[in-house]
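One chain, chain A, appears in both complexes that follow, with chain B as partner in the first and chain C in the second.
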Partner chain A sequence: MAIRVKSPGLLTTVQDTGRLGEYAIGMPPSGAMDVFSYQVGNYLVGNEEGAAGLEITYFGPELEFTEDAVVAVTGAQMPPKINGEEAPTWETLSVEAGDVLTFDYLQNGARSYLAVAGGIDVPVFMHSRSTYTLIGLGGHEGRALGEGDELALGEAGDRSDRVGMAVVEQQIPKYSKETELRVIIGLASYRLTEESMEEFLNTTWTVTPDADRVGYRYKGGELGFVEREQPAGAGADQANVVDFGYPVGSIQVPGGVEPIVLMNDAVTGGGYATIGTVISADRDKLAQTKTNDKTRFRSVDLEEALAAREQRRKQMAEIKEALS
Partner chain B sequence: MSRGVETELPQARYSYGGDEFVFVELAEAMSLKVNFRAMAITNKLEEERIDGVMDICPSNASYMVRIDPDVLHPDDLISRLKEIDAEAGDIQGFELRTRVVDVPVMMEDPWTHETLMRFRDRHQDPETTDLEYSARINGYDSKEDFIAALLGSPWLVTMIGFVPGLPWCYQLVPPEEQVEVPKYVRPRTYTPERAFGFGGGFAVVYSVEGAGGYQLYGLAPAPVLDVKQELKDFQDSIVFPKPGDVFNYRGIEREEFDEIRGCVEDGTFEYRKKNFVFHPDRALHDPHAYNEEILGVLYGD
Partner chain C sequence: MAKTVKAQMPGTFYRRPDPESDTYVEEGDQVSAGDTVGLIEVMKSFHEVKAGEEGTIARFLVENEEAVDAGQDLLEME
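This part shows the complex of A and B:
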């Protein structure tokens, strides 16, 4: 045992790169919502890629360390404090047995990540340590952390030489209350009228309180479907289709209002018309938006999506290189 | 039997689901034929073991593939999928190595009844039960006749998902006998685990407790998801149903329900099931005759 949870914060879960490759049985990937911040945290503490960390949402926990450890906090600006003393983010820190790590109020972004040298050592379930709370599997007992929980750490050896390493300023993402997300229009987008598709792309949407690991719901416009005689098996509502698969990041519009972007813990399929998908490189940015933030969706083609993905991959490789 | 033979399928729509998914809608309308085609294509793709393919998800009238675009360009996959589609042709002679499974269900059980009464304000017709409503809008004289139709012919598992292990099932009957019902006006916030429900043209068994919008008809005593993998049928996977399985929903009374629950709880339950080579063209040509044969395989010696 190495971390004792004195208070859990609003929603703190164990996450890694996710339970990939199980979509066909209806298992969503789970995993860190902002992969960039999560991975950079692992680089800072010298972990193998894929070591499990904590995803901290909106309001931070109070954690007591029962042995010395090397840690880093990345992602949303929720300033960490060690025994009440403010400590930097995006930088490798050392904590000693008996130290208490707390977090100040959220200043921007939505999710912080705590990486600990050796990784959080919870049992592996279907090749991942990620928590999937809906059916209670993975992570720490299949649920968010609670008061009194105790977490073990993986073997780390001496990593004290890493303390003080930091991500350079230009590489640290800036989170704003106005975000643009790039989408590839497609899937069942033929169900929306042309005017509605235009409106979807021209509206500044507001993140509603329904914004979590399952998905983000937005308000601010009203979209209409092309009238059709509903095909066999689809059900009567114009928003319904014959149930099909939902990609991670896909956007659906139940009832024509309040588009929803499905995220890491979402359902894998269903009967609502989907109109496009947020590109993988922008899911990190989406994960750092919160209720009342503004979001615009910009249509891009596959080439731009792949270029953005490649740019993000290069940036992460550069950071990793600089920290090795 | 010509009215049972379905018309040609339209041109498939190929689409990118962001940079990590390829989504292929074979038809907007559900039919057995389109699902057989989705299965023929995804089975073939599975056999090819292409580098960069991460998940292959057949669904009702479509399918989806998750890829690692750093390894496999979405356009390269789409080119190959179009070739496989052409090879699959009109699925003449396509065989499906599958299982036929006995799935007991207690219709009008007390638990789903309590649930559907609690959410009456979210239903199209608050004055009746989900079964009475569904029977009426599908032109049945009584709910008993409607239940007899649901339990009278087996079903094809056409998709797994929504949540882990939930099977979508489409009945092996001619198009004019297919049941169709709307989903609730507003979804329920609660559905019991193992509820037997119906929405659009599909029957499902809810694998976990949770929200849901399908009409509720009954409860299955046996699970479709066993996260702890304690039952024999779940040794290889936490999920029992597989796309292409043939499920026969068999009506049971409370006594058998309790008996099966006991076996599930002491870990001795096992589904009655037989291996079976399913011939889609026979199911399309004369479903009722073929169903008799399928049930003979399941329940015969």
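This part shows the complex of A and C:
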């Protein structure tokens, strides 16, 4: 064993790039909510892409290393400490057997990622080590870490030459209490009245305390749907349509209040009209918003969304190159 | 500097275990280390806020049901 959980924090789970491609059986991808921070962590410690790490939400765990390891903490501004001494984030660190990693209070962002050379070695379930806590599959026993858990690491070899490598300042995301997320309007936006679509895009929404890995719920306005007689197969709520698939990042508005952006652990389909989808390049940023932060949604076209995706891919490739 | 109890995580602060119950503590109450002084709700679960050491509750710095940040002072002790 290599990591002993002395206290688990609020919600610490094993995650990787996710269980993609299983929508047909209703299986959401799970996986790191902020893929950028998670992947850069792997680059820092020299892991293969897709090696499992820990996602740490809102309040950090206390982890004891039972053998020497090479690690990196990326993501939220939640200062890590090794044996009580503050350690840098976005930088490759070495820890020795007996060292204890803790975290100071969260300042900005929502999720920190711990990458460890060799990756967290939990059993692979359906080609992924990601935890899907809602039905208890994947990760460490299908659940968030608990006190006394022990985690094994994959074979890493000597990575001590990586210690001290760091992501350059300009490449480190800055998180704040106000975020703009780009959305593609659709698939069922025709259900919303024109005024309500305008209001959706003009409102500064507040992240509610409910926001989690399943979905981000917002308050701050009320949206109306075009009145109609509901078609056969659709529910009675004007927000209902005949069941269809929900993209990750899609936005639904049950009852016309509190829009919800579905995220990595969400149900894969259902009968709520989705009025838009947060573009994939901005989901990292969404995952770093926390309860009570402010969010605005900006409508973009597919071209801009694809350009943003390409830019993010390039940025990650540049960081990987610089750290190789 | 006055001793304080801080929020460990961001969320909504509550002074009572449920809407029908009495508050956990009032200003002027004596508490011991480990006593629950409130709750924080986040991600659909509730987490107890405990006093770190013994003392008297001097005053609350946040209202019931107020949004709090991680590390925010919730109450002062003396």
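Definition applied: the second predicted complex is superposed on the first by the 324 of 324 C-alpha atoms of A that agree within 3 Å, B and C clash if a C-alpha of one lies under 4 Å from a C-alpha of the other, contacts with A are read in each partner's own complex, and residues count from 1 in each chain.
Just so it is clear, contacts are C-beta pairs under 8 Å (C-beta built on N, C-alpha and C of every residue); 3 or more make two chains touch, one makes a residue touch a chain.
Being a predicted model, the structure only gives us computed values, none of them experimental.
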item: Touched partner set for A:L106, first chain B, second chain C, both or neither; value: second
item: Partner chain in contact with A:L302 - chain B first, chain C second, else both or neither; value: first
item: First, second, both or neither for A:G235, with chain B first and chain C second; value: first
item: Contacts of A:T291 with chain B and chain C, given as first, second, both or neither; value: second
item: Partner chain(s) touched by A:D212 [first = chain B, second = chain C, both, neither]; value: second
item: Chain B versus chain C as contact partner of A:T179, first or second or both or neither; value: neither
item: First, second, both or neither for A:S196, with chain B first and chain C second; value: neither
item: Touched chain A residues, chain B compared with chain C; value: B
item: In the complex with chain B, residue positions of chain A that touch it; value: 20-27, 126, 134-137, 183-184, 186-188, 190, 231-237, 240-245, 247-250, 267-271, 277-281, 302, 305-306, 309, 313
item: Residues of chain B touching chain A in the complex; value: 13, 15-21, 23, 25, 27-31, 54-64, 66, 69-70, 73-75, 159-166, 168, 170, 175, 178, 180-183, 199-202, 207-208, 210, 225, 227, 237-239
item: Chain A residues within the chain C interface of the complex; value: 10-11, 57-59, 104-107, 209-212, 290-292
item: Chain C residues within the chain A interface of the complex; value: 6, 8-12, 41-44, 47, 67, 69-71
